[in-house]
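Shared between the two complexes below is chain A, which pairs with chain B and chain C, respectively.
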Partner chain A sequence: MAQASTQADTGAGTGADGRAGTAGAWRGRRGAPSERPAGRRHSSDRPRRSVLLTVLTALVAVYTLVPLAWLLISATKTQKSLLDSFGLWFSGDFALWDNIQQTLTYDDHIFVRWLLNTLLYVALGAGGATFLAVLGGYGLAKFDFPGRRGVFAVVIGAVAVPGAALAVPTFLMFSKMGLTNTPWAVIVPSLISPFGLYLMWVFASEAIPDELLEAARVDGSGEIRTFFRIGLPLLGPGIVTVLLFTVVATWNNYFLPLIMIKDPDWYPLTLGLNAWNAQAATAGGQPVFNLVVTGSLLTIVPLVAAFLLLQRFWQTGLAAGSVKE
Partner chain B sequence: MTNKPLRRSAQAIAVLCAAALSLTACGSSDDSGSGAKAADAGSVEAALKKGGTVTVWAWEPTLKQVVTDFQAKYPKVKVKLVNAGTGNDQYTALQNAVQAGSGAPDVAQIEYYALSQFALGKSVTDLSAYGAKDLSKAYSPGPWNSVAVNGGVYALPMDSGPMAMFFNKKVLDKYKIAVPTTWDEYLTAARALHKADPKAYITNDTGDAGFVTSLIWQAGGHPYTVDGTKVNVDFGDAGTKKFTEVWQKLISEKLLAPITSWSDQWYKGLADGTIATLSTGAWMPANFVSGVPSASGDWRAAPLPQWQAGQTASAENGGSSLAVMEAAKDKPLAYAFVKYANKDAGVQARIKGGAFPATTADLNSQAFLDTEFPYFGGQKANEIFAKSAGNVAKGWSYLPYQVYANSVFNDTVGKAYVSSTPLSDALGTWQEASVKYGKDQGFSVGG
Partner chain C sequence: MAAIPPPPGTGRAAPPRGRRGRRWLGWGFVAPFMIVFALVFLAPIGYSIYLSLFRDRLIGGTSFVGLDNYVQAFQDGQFWSGLGRVALFLAVQVPIMLCIALLVALALDSGRLHGRNFFRITIFLPYAVPAVVATLMWGFMYGDRFGLVADINDAFGVSLPNLLSPGLVLASIGNIVTWEFVGYNMLIFYSALHVVPRSLYEAAEIDGASQLRIVTSIKIPAIRGALVIATIFSIIGSFQLFNEPSILKPLAPNAITTYFTPNLYTYSLSFSGQQHNYAATVAIVMGVVTMIIAYVVQLRGMRKEA
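Right, the complex of A and B next:
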């Protein structure tokens, strides 16, 4: 965060793509120290290289990438060579395509059904949560009304409550309403994202100047029109950030559907993979470790893709609110 | 794989809520109105004619075929088979649904060790009213004693797990180790094997509640005595001592492979010969065929080693039943499906699918006994299993809250497998935990 703010100050224009590590290096080569105030150079233009930090970063990188590498490599193996060979190198037949095909067709294409379920939960749950967070955040940031402090306290409090703690009471309530075992049991609780709301609130108060809204009002634009035509476009980066947060949370959600949904036809991918994994531990069950591994790979591909595509927005969004003007 | 830590914490929470929920479930056991209406076998026939829908929660894979056959025979009945999780996951869901008063199935698969918990909590129906009591001779004694509890019949046995010892003949032959017939010989074999090949172990064990209780059962121990809500827990009896004496040596001398059963490593060990024997229920062959195909021909079955030479004692390990839920919408119809699956035509379909039956008619049929297992080199393994089923030691019972007790097994007895804590002390700690929980639940517990 501090790095981002100093970069913004020096006006080098690299803050947005956030390559904090390399930015200093190539800016140094570009030179032209005379253009800048002498005092700044030391702190931001030539960050000292630290062996310790490099080693630490490398360790973290290895720590993050090794499981991914294992997953990629293991997905290319048959069930037999999965058990017989060293995990971090290829072995036996290259069975990736075969595994993918089996994963998609095993047990009457149930994996495809789980994938569609997950997409449904994400589209309605994460999409709805983002929409509500944007509406609420904008409203709280731009309108002064009695009880705003109270709302603030509730939202901050809600951020601190982990979702898992609410799952059981939510289950009992939904059960009374007859909603368990239906998609609604997963979608409705996903619609609430206190953290998203808080983020949108902070972002909206920074990104939308009050003067702009005043001008719109003076010109006779209604509140709703102002929101959609002026507010929304300015909130773009924040919306993407909140969307990514909620998509990841909904996509990886395990405990809520575990409690709510008992019918495999409505399982999301997380529960489905767990069910396949559990199959190995039942009398007469068929172990399908290769399908569990390949299924896990297929499960994370959309998330990885979403991150890579939306990376730019994500980073500007993260930095929002860190700069005090 | 990636969500393992999450899964573990989720399970911990799930166990917690199961514990919290069973509290209230057990509390209601004093209610005199059991809800069992006057019914008879005729109502079952009538229900089949009328038709309807039965929802079944089960993870047993062979039931799929049974459902297909059943619906073909009774076109008016629709059976919805749902895999709501395996073992504990499903029990938690079941407790939650019972507690919430909606969302429970009509029929549920419940393992023998867990059944009395549901029976005492009156979550499952007494099937005596539909003629289930007349079936006592139809099932082998081990499973039947597990479903006939508290003076009723709370489920019909689906499969059974009379124990046998599976051994990797190739490995034992290679090191000229005789197939052990007693647990003392087993210990000797364990030492010889591990000395000959430091990578090979006689078996794997990281502490498994079902396995420990089964071996104590075989040794004639009775750590649990249950009479209604009067419970006694005692891991100090002679049977338990026989078990701890041998097993303590296996643990202390590091002769057990530190591999958890059902893990991918375990399947690997069974395949490559580093796990040389496996003492478990007779349902295991189907798992060998599907999970360890590469070792086909290496393995054989043998009777379970004995605590005293010349005896033939055995015990049950695993196995489950189908119970009709108290909340079932159409109990006679639900019972009709359970009986079809576990007593009538369904049994044959399930044997074909690799399940091990609990019905004496099948266990004693010549065709069943003569079945040759290509996986075991053509051995007629069912002869060994059927004998074991008849020799299951009498008088065993589980706790009416065994699901909880097993869930804390690793926190207590598990320590003996990874530290210097003696096994007998660890069992004592498990006993204390079980007694305390029972008292908290309102049982009168001694021990």
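Right, the complex of A and C next:
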């Protein structure tokens, strides 16, 4: 792509000057009417910054940030000032550390238990989903086997099946198998990520040269060894991307555990927070709004941090995935 | 679902040489996925079709009733009201969300923004926030007890309409869903725009095309595939609407009924009413409706391409 645009630049440079009249209206607005041909590339790669466009985009960013700011500010308030004070500014004692301590210890450290449950579901569910997607994507990209197209059709078709339409039947099936109310009921359905499989398929086709695999085979390397030694290292950014998205899906999962898990000891964080909220809203229940707010904050911090820290990887991975769209 | 073409590799795949049964080797890598897939995707679909053909009666136990459950669903006012509600939601919320996402993606891609990377990551962040937390945050903010609505009412002496009242709660849910997914869709569009060859824009500029013209004639057609996919995902999401109303319910008990959306209805039928057979039927009807609409959108989206 870079090459193509360079060619267009050099080829078009002279033409642009010759036709300045036609393009004049737009060019004048942009304020770069007489740039040298050599500067053309610069001008179209870095057009002039627009304040208006920045302000409009900033509005969307503000919309995005307001609830998060509200959450952060509210988590620093005591239950009383949470109810009394203006939501988007600090008020009263700075109670963040108290709130965190209360959240973690309330009801015999149940929040910590929920956190550990979530970590278990994420580690096995998202980890397993990524592993299956990487294996499958590699197999689909690098082997021609009977039924390969059929696999693709079935999996892509499955993306269109509303997941929630499956939840109730899955529950009934799992309850027959005695799996409900156990961690497996949450982990097993999380193992399938059709989107992850598709992404790994595209990624593996692009990132692993067939010649490299062929060379390894000629050297007598077995298929499994070839996969781990040659395939896996080349799939790095794709794996991070799929892992990140399956982690989000598992960490944020609500409907599946809601159906499958009745015992609060096996709740993930999402169900636990919802239970606290329901308790706070019920007449006669102990109001624990400050715990709901602080617990919410603690729930999103790890994921937000992961997305910020791993930006470079997942943006590369996504870009690769969209090449073939 | 031909919106997504199969990735390349069919012809180029190098078959390993000199091994017994090498034609089937690829299955070794794909089989683990397919086995779990069969267990959690195909088996439940088959099982729910089976369930939908039976009915559990107080007297006489479970008996085969053919398509009676489907007939019942088509005559069920609660089901239709839920379906109508999500259809309205789909018609209003999805276009708004996708338009904002597309405009932001185009703005980011134009390179004319100050602080592009900041905006890109900021607007995407809500995707990392669980629906539960998003709904609780907005629900608290909506509330007139200690939310922003209450603050505004106090500060300006006005009385804003209650956002959790029956008339407005669907719009309030629409706002939550928009907040959650604008950034995700923006990122899909942005990634797709990113791979459009810049040379196309330059050629158009040279021919005197305005920026608006470049957007409508080059950029949007170039990412049609991404637009169709995002639309289909949003349609599926709308018809599956469950988390947000279910979590808002304790805060708005009068506005959100047990049949507010088809999914909520399936859930209540199954877990409060123990009507598993009928719940499976409603789930299947919803699945079929969703697939039909997604398919129509895809056909239309692809036809315009010609």
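In this section, the second predicted complex is superposed on the first by the 268 of 325 C-alpha atoms of A that agree within 3 Å, B and C clash if a C-alpha of one lies under 4 Å from a C-alpha of the other, contacts with A are read in each partner's own complex, and residues count from 1 in each chain.
Here is the rule we use: contacts are C-beta pairs under 8 Å (C-beta built on N, C-alpha and C of every residue); 3 or more make two chains touch, one makes a residue touch a chain.
As the structure is a prediction and not an experimental result, all values here were calculated from the model.
When the shared chain is aligned, chain B comes close enough to touch A:P264, but chain C does not.
In the superposition on chain A, contact of A:L213 is made with chain C only, not with chain B.
Look at A:T180: by the touch rule set out above, it reaches chain B but stays clear of chain C. Judged by the touch definition given at the top, the superposed model places A:F86 against chain C, while chain B stays out of reach.
In the superposition on chain A, A:A275 makes contact with chain B only, while chain C stays out of contact range.
Here chain B and chain C are compared by how many residues of chain A each touches, and C touches more.
In the three-chain superposition model, chain A touches both chain B and chain C at residues 67, 71, 82-84, 164, 168, 171-172, 252, 254-255, 258-259, 270, 274, 277-278, 281-282, 289, 292-293, 296, 300. Residues of chain B that touch chain A in their complex: 1-3, 6-7, 9-10, 13-14, 17, 57, 59-62, 82-86, 89, 93, 96-97, 99-103, 159, 161, 261-262, 264, 267-268, 271-272, 281, 283-284, 286-287, 290-291, 293-294, 318-319, 353-355.
Across the complex, chain C meets chain A through its residues 1, 4-10, 12-17, 23-30, 32-34, 36-37, 39-41, 43-45, 47-48, 51, 100, 103-104, 107-108, 110-115, 118-119, 121-134, 136-138, 140-141, 145-148, 151, 155, 179, 182-183, 187-188, 191-192, 194-195, 197-199, 201-203, 205-211, 223, 225-226, 229, 232, 236, 239-240, 242-243, 246-247, 250-251, 263, 266-267, 270-271, 276, 279-280, 283-284, 286-287, 290-291, 294-295. By the touch criterion stated above, chain A contacts chain B in their complex at residues 67, 71, 80, 82-84, 164, 167-168, 171-172, 175-176, 178, 180-181, 252, 254-255, 258-259, 262-264, 270, 274-275, 277-287, 289, 292-293, 296, 300.
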